[in-house]
Each structure stands twice: as C-alpha cells, then as structure tokens.
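The structure appears right after this line, and notes come after that.
Letters are used for the chains, namely A, B, C, D and E, taken in the order the chains are written, and counting of residues starts over at 1 for each.
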Amino acid sequence: MRHVLPVLTVVAVIVAIWYAAAIWLNAQWALDTAARQDRTLGAAELVLDTWSQEKPKLPAPHQVVTELWQTTVEKNVTSKRSLVYHAWVTLSATLLGFGMGTALGFALAVGIVYIRVMDMSVMPWVIASQTIPILAIAPMIIVVLNAMGLSGLLPKAMISMYLSFFPVVVGMVKGLRSPSRMMRDQMRTWNATRGQEFLRLRLPMSMPYLFASLKIAMAASLVGAIVGELPTGAVAGLGARLLAGSYYGQTIQIWSALFMAAAVAAAAVGLIGIVQRATLKRMGMG
Amino acid sequence: MTEGAIIDARDVSLTFQTNDGPVHALRDVNLSVEKGDFVSFIGPSGCGKTTFLRVMADLEQPTAGTVLVNGVSPEEARKARAYGYVFQAAGLYPWRTIGGNIRLPLEIMGYDRPVQARRVKEVLELVDLAGFEKKYPWQLSGGMQQRASIARALAFDADILLMDEPFGALDEIVRDHLNEQLLALWARTQKTICFVTHSIPEAVYLSTKIVVMSPRPGRITDVIESPLPRERPLDIRDTPEFLEIAHRVREGLRAGHAYD
Amino acid sequence: MWILLGILAWAGGSALNVWLARQAPGRTTALAVPLIFGVTLIFVWEAAVRGFGISPVLLPAPSAIAARMAGSTGVLWEDFVQTVIKGALSGYVIGCLAAFGTAIVVDRFDFLRRGLLPVGNFVAALPIIGIAPILVMWFGFDWQSKAAVVVVMVFFPMLVNTVEGLRDTSAMQRDLMRTYAAGYWTTLLKLRLPAAMPFIFNGLKLATTLALIGAIVAEFFGSPIRGMGFRISTSVGLLALDLVWAEIVVAAVAGSAFYGGVALLEKAVTFWHPSQRGQS
Amino acid sequence: ADEMTLQLKWVTQAQFAGYYVAKDKGFYDEADLDVTIKPGGPDIAPVQVLLGGGADVMVDWLPSALAARENGAPIVNIAQPFKSSGLMLTCLKEHGIETPADFPGHTLGTWFFGNELPLYSWMSKLGYATDGSEGGVTIQKINFNVDPLLQKQVECATTMTYNEYWQVIDAGLTPDDLVVFKYEDEGISTLEDGLYTTEANLEDPEMVDKLTRFVAASMKGWKYAEENPDEAAEIVLENDATGAQTEKHQKRMMGEVAKLTAGSNGALDPADFQRTVDVLLSAGADPVITEDPGEAAWTHAITDEALE
Amino acid sequence: MTEGAIIDARDVSLTFQTNDGPVHALRDVNLSVEKGDFVSFIGPSGCGKTTFLRVMADLEQPTAGTVLVNGVSPEEARKARAYGYVFQAAGLYPWRTIGGNIRLPLEIMGYDRPVQARRVKEVLELVDLAGFEKKYPWQLSGGMQQRASIARALAFDADILLMDEPFGALDEIVRDHLNEQLLALWARTQKTICFVTHSIPEAVYLSTKIVVMSPRPGRITDVIESPLPRERPLDIRDTPEFLEIAHRVREGLRAGHAYD
C-alpha cells in the first residue's frame, strides 16, 4: 500500500491532465469539421468529440487502452495485426543486440582495465561514438550489412549493440576498478594470478555496477531495435508500427505502439532487476 | 647477512613521488629479525610503519637498499607464499561468508577441498569464531571481523605473519583477550611475527623486540630487546620491568615527536 | 597497395601507442595516445575505401569528407546554429533546470518521490523515436519542438541523478546539521547540494550526449529546411554522402566538446571528490 | 530458377501491385525467376541498396535517379511502367489559393529525399523565390503523411493521386474543401516509378537475360493488375507484413495507379525522358542536375527484347 | 531534578526496532551531571555509549524515561544551540577547507563575518592547526582532521561539549598532548563535558566522574567520582590513586564482559 498509493495518485493526476490536454489539442479539428458541415458544437458535444476522433492530435487514454486491448488480447498472437507479434519481433532483435552489446562492452571494459594502451586510447572514442546520431547512420549500416549478405535480425541487432555497449563499458570499467587498493594487495600477498584476481575479486565486486548498466543497456537496446526497424522497409516490429502509424496519421496506433514499447522495456528491465536481486542475495549482498 | 636472520633490511629508503613533491617515507632503515621473533613497530602516525611492512611484503619497491626475506628477495618470498598479511582494516569480501573468506587464499593456492574445510574449521576455532562460518561479514561486529581477517592470514602455512594494527578498532577488554590469544598462537606455531601498533602497553606486552620509529623521513630511532619471559600472563603489565620498558618506549617516541 | 598501406599504418599506430603508454604518464601522452589512435583509425578507413574501391555513395573516404567540410562551411554553420545552439542547447538548459527544480520538490515530499519516480522510469523507457513525431506535431517544425524532445530526453536521467545525489549524505553529516539546529534550507544549501554535485554532474554529462542526439533525431520527423538532422536525412536521398558524413563529423565533434566542457566544469566543482583526486 | 531481388521505393502498397501480382500469379515462375521483393521506407535510398549489392533492380523516380547519377552512382533506367505522373499539390480552399499566381506568401509543404526536386523546378519556372522572402513562397519539409495539411502547419502539401489525396478525403474533408494542382496538368511532370539497374549489370549477358525475363513478367503483372484491380489489391494486402494497410484504401489506390500505368508498355519514351531532364535543369539557382545526362542514363536494350 | 544538575536522565530506555527484532540499546539509565563536570563514559563496544550521547543531543528519542538538558528537553536545548558535538569520526565536509568547516556552524548561527574570522583563528590555534586554514580535509592526516573537528565544536559558545571517542584514531603521544589541552580548555572555559572513550587511562586522567556501562541492554553498572584534583599533570598517571581508580574501572568493565 505504501508503494501503490503514491503511484496511483500520480497516474490519476497524469490521466486527468491527459484528458484535459486531449480536449485542448483536438478542439480545433472538431470545430473545423463542424464548421465544414455547418454545425455548431455545444460544450458537451465538443468534449465528447475530442475524446473520440479517429485521428486525434492527442488520443484520449481510453482510446489508447481500447486499441491496446484490441491488438493484444483480441487478436491471434501470430496475426500481423497483433501487437504481441510485433512486440516479439522487436524483442527478439533487442535481446540479440543486448547480448552482443553486453559481450562487446564487457570485453572492452576488461581490455581497458587490464591493458594500458587501451585504457589511454579507447575511452575518448567510445564517448565520441555515442555522440553520432545513430538514426542518421542506421539506414547506411543496414544497407552495408545487407550488401555483405547480412539481413533479417542481425542488422537490427547490430544497431542495438551499438547503443547498448556504451553503458556496459562505462559501468564495468567503474565496477572492475572498484576493489580498493587493499583488496588488490591482498590478492598480491597470496600471489594470485590475473585470472584468479579477476574471477574472485574484480568480477564479484563489479556485480552491482554490472546490473545497473545492464538495465540502461536493455532500454537502449530496445531503442536501437526500433531505430533499426525504421529503415528495414517497415516490415514488422514496433518500429514498423510506429512508422506505419505516422505515414497514415494513425495517432492511436502510434501511441499504443509507444506504450507497448515502454511496457516491453519495463518488463525486460524488471526481469534484470529480479535476476539482480536473486544474484546479490546469493552473494550475500542483498 | 646476519646469521639466522629471517628478515634482513639493509639501508632501505623509499621515496614516494607525489604531486606536492617527493615524500620520504623511509630513510636508511636497517633491521634484522630472527626466526621466531615477535617484532613490534611503533611510531607516530605517518612515520612509515605500514610502508616498511609493505616493502617486506613486496607490495612496495624500496628506492634504495636491499631487503631479504627468508634469504630471498621479497618478490620471491611472496611468490613462495612465505607470509600472511593482516591489513589495517579487516577487508573481508562482502559477498563471501566468513568461511568463504578464509577459504579464499586456500582456493587460490590450490589446496584440496577436504584440506580447505579442515583448515577453515581449525582457524575459526583458534580465533573463537566457531559457528560463524556461514555468516556474512556485515553480520559480525568490527572485532569479530578483525578476528576473521587474522584467521584468514593464519589459514595457510606461512612462516611469517605481517600484521598492520590488527587490533586498532577494538575496545580494551577484547584487545587484551586477543593479545593473549595471539601470544599463545605464536608460542605454539613458532611463527615470526611483525606487528604494527600505536599502543605502548600492547607493544611491550607482546614483543621480543620493539622497533621505535620517528617521522619523516621515517627512520628507526631505537630497537629495544625485551627482557620479559616468553610466557606472559596479563598481569605482567603491572610489574616494574614492564613499566620500565614502557617508559623507555614512551621516551623514544616523544623524542621523535613535535610536541614538548 | 592501399590495403598494404592501411595495414602498415595500423601496425605503426598501435606500436607507437604501446611505446607511448610505457612512458612516464603526463599530460602530453594522455592526449597523444587517443589522438594517434584516432588518426590511425581514419587512415585505415581512407586506405580501405581506396583499396577496396568502395563506392562513394556507400561510404565516402575521409579525404572526400574533409573536402566537403571545407567547401560547405556556410551550410554546416547554418545547420549547427539551428540544431546545436537553438535546439540542443536551449532544450538542455531548460530540461536540466526543470529536472533540478523537480528533484528538489520530489526530494522534499516523499509521497511525490515514491509516486513520481516509478512513473518517471516508465516514461523514460518510451523510445524517443516514438515521442519525437508527437512533439513535432504539438510544438511545430522549428527548433521549439527539438528543444521539447531534448527536454523530455534529459529530464529523467537528470532528475534521477539529482534525487539520488540529494540523498547521498551520511547520517553523521546530517546529524551534524541537526546539532546546529539548522533548518531545511540551510541543510540543503550547505550540505546536501554540495554533496549531490558528483551525482548532478553525472546527470549533466549523460544529458550532453542525449541532448545532441535528441535534437538531431527530432529533425528527422519535421524541421524547417535547415538543421543537421534535416541535412542528413535529405542528403541521403540525393546520395550526397560526403555531406552526410560532414554533418556527422560536426555532430561528433560538437558532442565531444560539449561533453568535455561539462567534464572540465565537473573537475572544477567537485575537485574534492575522491574520483576527481585520482586516488582509487 | 534464377534468383533476383527487387528493391521498392516505398512500403508495400498498390503502387507496386504489378510486381506482387507477377510473383503471386506465377509470372515470375513461368519466366524461371525466383524474385524477392524488398519493401522500402522513408530512410531507405534504393540506390544505395542497389549499389551495395542488396538488390539487382530497383524502383525509383527519374529525378532522384538522375541526381544519384550525378553524385557518382552508375545507374540506368531499363523500363518505365509508369507513363504519367501522380504527383500533385493539394491546398485547403480556406487559405484562398486558387491558381499558381496565389502562391506567393504561402507555405508549401513537400517531401524531401529527392521528392522536392519537381516542386523546386515548378517554383523556379513560376519565378518565385523559395526562401520565404517577399514575393516568394516558403517551402517546408513535411513527412510522408498529410497531417501537416490537416493541422494547418502548411497551406498546401504534396500528395499523390493514389495515396495521400485519399487520406485527406478519409480525414473528413470533401473534394470541395480542396484545390489540387496536378503536375501533369501544369506541364512540369517528371517520370515516376521506373526500373533501374547498374551499368555493370548491363555488361553481363547472363544478367541482361535475367533482367529481360524480369521486365517481361513484371509488365505482364502490371497489365493483369490494371484489368483486375480488386484482385491485385487483395494480393498486395496479403503481402503487407505490417498489417497496417486497409482494403478500402488499397482498392482505391489500385484504381488510381492503373490510370498512371495505362499507356505504358514498359518501354521508356525518350520524349518523356527529355521533358523530365528539361524540367530539372530549369530549377533555379540550385539546380538538381547540372548537365543533361543524355542517353547513357537509359537503355531500350532490355525492353526491346522483353516486349518482343 | 537534582539541584544544579545540567543534565538529568531518569529511567531512560531506548529500544531499536530492527529486522532481527528489537535491540535494547539502553535500559533504565539514571544519571545526573553537574555544571562543570567532566564525565567519561566507558564500556564495551555496542553497550550504548554513543546512543546515550545521541539521546542527550536530541539525535535519538528515548522510548521511555525523561532527559533534561539545562532544565529543558533535549530538543529545546538543541534549538538553543546549547551543546557542541564531536562525532566518532571527524566528519568534515570535503568540499570545504578546514577554515570553512570550522566556520560552518558560525555561518549557520548567524555570527558576523569578522567574529567568524576571529573565532576560526582562535580555535585553530587552540588545536595546533594554525596555518592549515586553507587546506582541504583530505590533505590532512587523520589526527589533524580529528583536531579540526574538535575545533569546529569549540568555535561557538556552547555550555556543553559532547565528545564521542574523539581521540580514537590517534597515536598515544598525540593523544596525551590533546588530553592535556582538553583539560586546560575545560579548566579555562568551565564547560561541562561528556566524553566517550575506550581507554581506561584516558577516562581516569580526564574525568571528574566515570560512568561504566555494561552491554545489552545497556545499563550503568558503576559511577565513579574521581578523588583526583582538577589540576592534573601527565605524570599523575603513575600515582597509586590513579592506578587504583583505573583498577576499579577495569574490574567494572570486566564484570560486564563475556570473557574470563
């Protein structure tokens, strides 16, 4: 109760503001339509109209919820009109990209921590790499990968990887460096090898950092998968839904795809949170 | 090399290069420790006690002079796992149980599993922590953690024990108790112990040899061989001999100090 | 021939860096090593493009990009002003200030914190590519909508960091304030804000890269006929890839400079923090 | 069967019905081809895909194809299924624009990515500045939908006869609320959906043979689609992976597209080509192409053979 | 209320509710401190010394009983800035210089700028840190930091000084020196001082009243009024009276302990 009540309150306030904003943003269209049909709208009519337009500037919450319901529960999950199907397409690219990004980030972090040259030369470029707008080069990446015979899941996953390796590098470099001087000296007095030092000291010590980075990486990875879907020909996936919605001005469809994406992200991040709690608990750090 | 010396330092100097210029942590330190000695290092804060211990442990390289441990260089001694080191703070790994922490060096050194289990049990009993094997460090009081950290250094067969203010964080009663136990252990195992402390009574009570140091640049101002017998009940601390050595240590310390 | 040269450059660059890294650390090596690394990378790129005869409409050579940059300074500057100065910077300032203010309110009222942060986490998970078209629809095509996208992007990372930072004081530090009978505002000003600075700067640094990316990406969904995102998205269609890459270079340089500037400021403000004193 | 890949200029819709029909009806199979159709999207430059080796043929508009040629992409038109242009400018009547003479002072929205070229040519032909200065028009980039027109962010917007126009109508406006200017009627039309391949492909006899069979089968598909528009629309819908297209819209689109393909047997009419080039060359201060590419940009080699 | 008592605790109990069940930190503690007293609290680790000090400082609420400070509740006393508190660790703010740290309470309490400057200078001299005003805490040794933290508590005019193991981290010589200085300060200013320590000699040397506590639930087992004169040279520690009081304290401590 302590946790639910505040959240519910905030959500209620947001929904109220949302309905009000829907009136404000959609009123013009309602009035224009009425004017074209030589009708005048009463206040109540106006409000009801703004909450039930087919292509509103801002769809009302219940419109989005209805759309979500129709495209998830009422559709067969294998249907191309099912959001679950599209979410799965996106999620599979997200997970693959997340896996690759985590692996790459992890490898880079280990390199940076253990190899001096890498420590000095790589980090500034890793930061610079993230200032490149990925959306700008995503189509080119996809084309080039296609030219190399890679298509389908992998190009999307590569873009996910590009976005998700960064938080992992930053977090893991910090985490792998978090053992204190004394802890490292202890290992030295026992004449531990580098491998032993890594497995028994640096790695466990970096776990909290790892999980924090993984959560960010997962969210970034989802964004990457969606970005990667935009130029692949808008075939399937939440990105394709967003895009198709935007071509045809289907705002309700955009919003429901958007919420689906956020829900997928929240679920994936939540899952990491559960793994985190279980792991840290097993490590006695819960 | 002095005959039979297990640790032999000749003209050891160590200078740290820092942003504010060089810090002379040790200058021309000469010391030799025989096998089975209990050596205490005492001196004002920042005089180089920890640094000297670290040099012996090959955690720091002297900028001049030579050190021999067991007749070889500190590096070789370290690789031969010749010593156990107890740090100033307990430094237990929070993700391992007390047992797991003590087992850690044994795992690294490749002891067999049954041997590991036996040793862990033994040293836990030695430091009065039997029954706490499955607890995590944060479930123990500071004193108990410190004892676990001592147990960890005792778990494997090192001839030399280097201890850096292991009892600094404890109250007097617990400290007395651990002092007694440490003496008993030392008598039983015949280990050579180098022990850093700030407490004059502690130094006098424990040691066969007390090394008094003065600050920056850290040098040895006095080495006092204790005439006390090896067998020492706690109330030896009220004897005149004890008070006299304590007095000498205090004078030595005061000489090196800025006050008075 | 070019391929061979590329391999040679790669080997030479890494060897030089390995050698440099062994030298005594100093300001110059700390700067030179990443620089050499970058130059090597660019050279290998050039060699690969020439050696494999890659079509300029797929990947232009660095030399072509450089030539284009020199030739189109006017366009690049116009786009820079539109996207970075008007869009990213204003959004960054508004977003960070708003988040900061919200953080202080949220921190003050625990009810808000427990209600707003979970919802905030959910909102932060909304992909910007979904939000950007909506904001462009609401705020129009010009830089205001770009700033709005940036505000949305930087708001939550900044909020979360600031709230966390404001809570990052030890019990003893707070008790000390209590013994002085210090009020809420005094404690905030003299204790909690200074203590929060490392976290706040974490948020500010993170927000710099987000701001630039946000402003550029938002331009993909509607813009006047200038701006870096506009230029990139439309030039691809005309296959003027050298211009596309010229814009990307400007973006990367501007982004790195922005990040570096904030990092410098951080060094000046949180000089006291162990992470800045370089003792690990 | 020989494998081939076709890169479309846009998402799956009736605009490309001919190819989907040819695939679905087995025309490609008959020609011993196994064709993969790749849908396009707003950020896909089909030329890049073609040159990168991701496709053997692409659908593109002539203006952007010529612009790409000037930027160093060796591409050649091998067939031209679309005879006339479906491009138009649609204005809301309430803004008071009735003839091109009313444009000055108004905001015209267009797609970019190469699609802005015909509009720029037109404005320069009319003698209007496009930078928003006095006596000129303001040009605004809009996305590939009609929202900016409906939300009144622009007063006129580029639409296709077969697609966006109907979106405006679907949004609740009537033809009476709108004023439309067809490029075809203004005499500034440029050639739209044509088939292109690389110069290298044309030098390879085996490839030429494949392309010939492909063009022949595709045109068969187009003619079938013209005659059976509803069935063609159904086929398109079945091939749409996004599940976003609607039957009503696609059937209507097929009907409009059929008007544009009518009159083309697949061979490029050199006169149309020359008109397009002239329009593009006339585009004011910042012309799209700076010189006439001449006959190197197209060939009848394929269609001559295919349309035997 | 005892006549003239500046601190008066009646049947004070404090129970912490924790996940592992309640922890009885204090039970039925009764104590009264006269104005000008120097009271030391000594007892094994975890017996509730810090907790009792915190109750007096209104940093913790007793679950039963009443405490009066200066005749009013601890909260009112805190708001009236009646006391200065020195914590177990130095707790200086790292973003302020030493001078800035000492100035902090003065700024909060609204002292004038010139007064602030004068006071900072005074107390820095008092604790032998003149010249370090512009340094940052991390540039000083632990002992110097601890002295700065004492200076901070002395900078403003509080009648009562609550000190929680202020000298725990220092070596014996520095400690002796600060003990002397603290006594001098106390004699000069007539402040009332409550002082927590683990060191028996320190407690005996400094106090007019020694409170011995026993662990869980923390209670007072003995209150020893010192017969030593207020004027105390360092070598008073070798007198039989001193040793006798020390002995009594040790016995009291040992009684409450688990060992022996």
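Rule of thumb we're sticking to: a residue touches a chain if its C-beta (ideal position, glycine included) is under 8 Å from a C-beta of that chain, and two chains touch if they have at least 3 such contacts.
Nothing here was measured: the structure is a model prediction, and the numbers come from that model.
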| item | value |
| --- | --- |
| Chains in simultaneous contact with chain C and chain D | A |
| Chains contacting each of chain B and chain D, listed by label | A |
| Selected pair, greater C-beta contact count between C-E and A-C | A-C |
| Furthest chain, CA centroid comparison against chain B | D |
| Gap in Å, rounded to a whole number, between the CA centres of chain E and chain D | 87 |
| Approximate Å spacing (C-alpha centroids) for the pair chain B, chain E | 32 |
| Between chain C and chain E, centroid-to-centroid distance (C-alpha), Å | 50 |
| Chain centre separation in whole Å, for chain D relative to chain A (CA means) | 35 |
| Touching two or more other chains - residue numbers and ranges from chain C | 58, 133, 137, 220-221, 233, 236, 241 |
| Overlap residues in chain E, where contacts from two or more other chains coincide | none |
| Residues of chain A touching at least two other chains | 57, 135, 139-140, 143-144, 147, 180, 230, 246 |
| Which chain pairs touch, all of them | A-B, A-C, A-D, B-E, C-D, C-E |
| Interfacial residue positions of chain C with respect to chain A in the complex | 14, 17-18, 20-22, 29-30, 33-34, 36-38, 41, 58-59, 111-116, 118-119, 121-131, 133-134, 137-138, 209, 212-213, 216-217, 220-221, 228-229, 232-233, 236, 241, 244, 247-248, 251-252, 254-256, 258-259, 280 |
| Chain A to chain C touching residues, read off their complex | 2-3, 5-11, 14, 25, 57-58, 116-117, 120-125, 127-137, 139-140, 143-144, 147, 177, 180-181, 219, 222-223, 226-227, 230, 239, 242, 246, 251, 254-255, 257-259, 261-262, 265-266, 269 |
| Of all residues in chain A, those that touch chain D in their complex | 29, 33, 36, 54-55, 57, 79-82, 135, 138-140, 143-144, 146-147, 151, 230-236, 240-241, 243-250, 253 |
| Partner chain E, residues of chain B touching it in the complex | 43-46, 141-143, 170-174, 177, 198-200, 250, 253-254, 257, 259 |
| Complex interface listing, chain A residues touching chain B | 180, 182-183, 185-192, 196, 200-201, 204-205, 207, 283-285 |
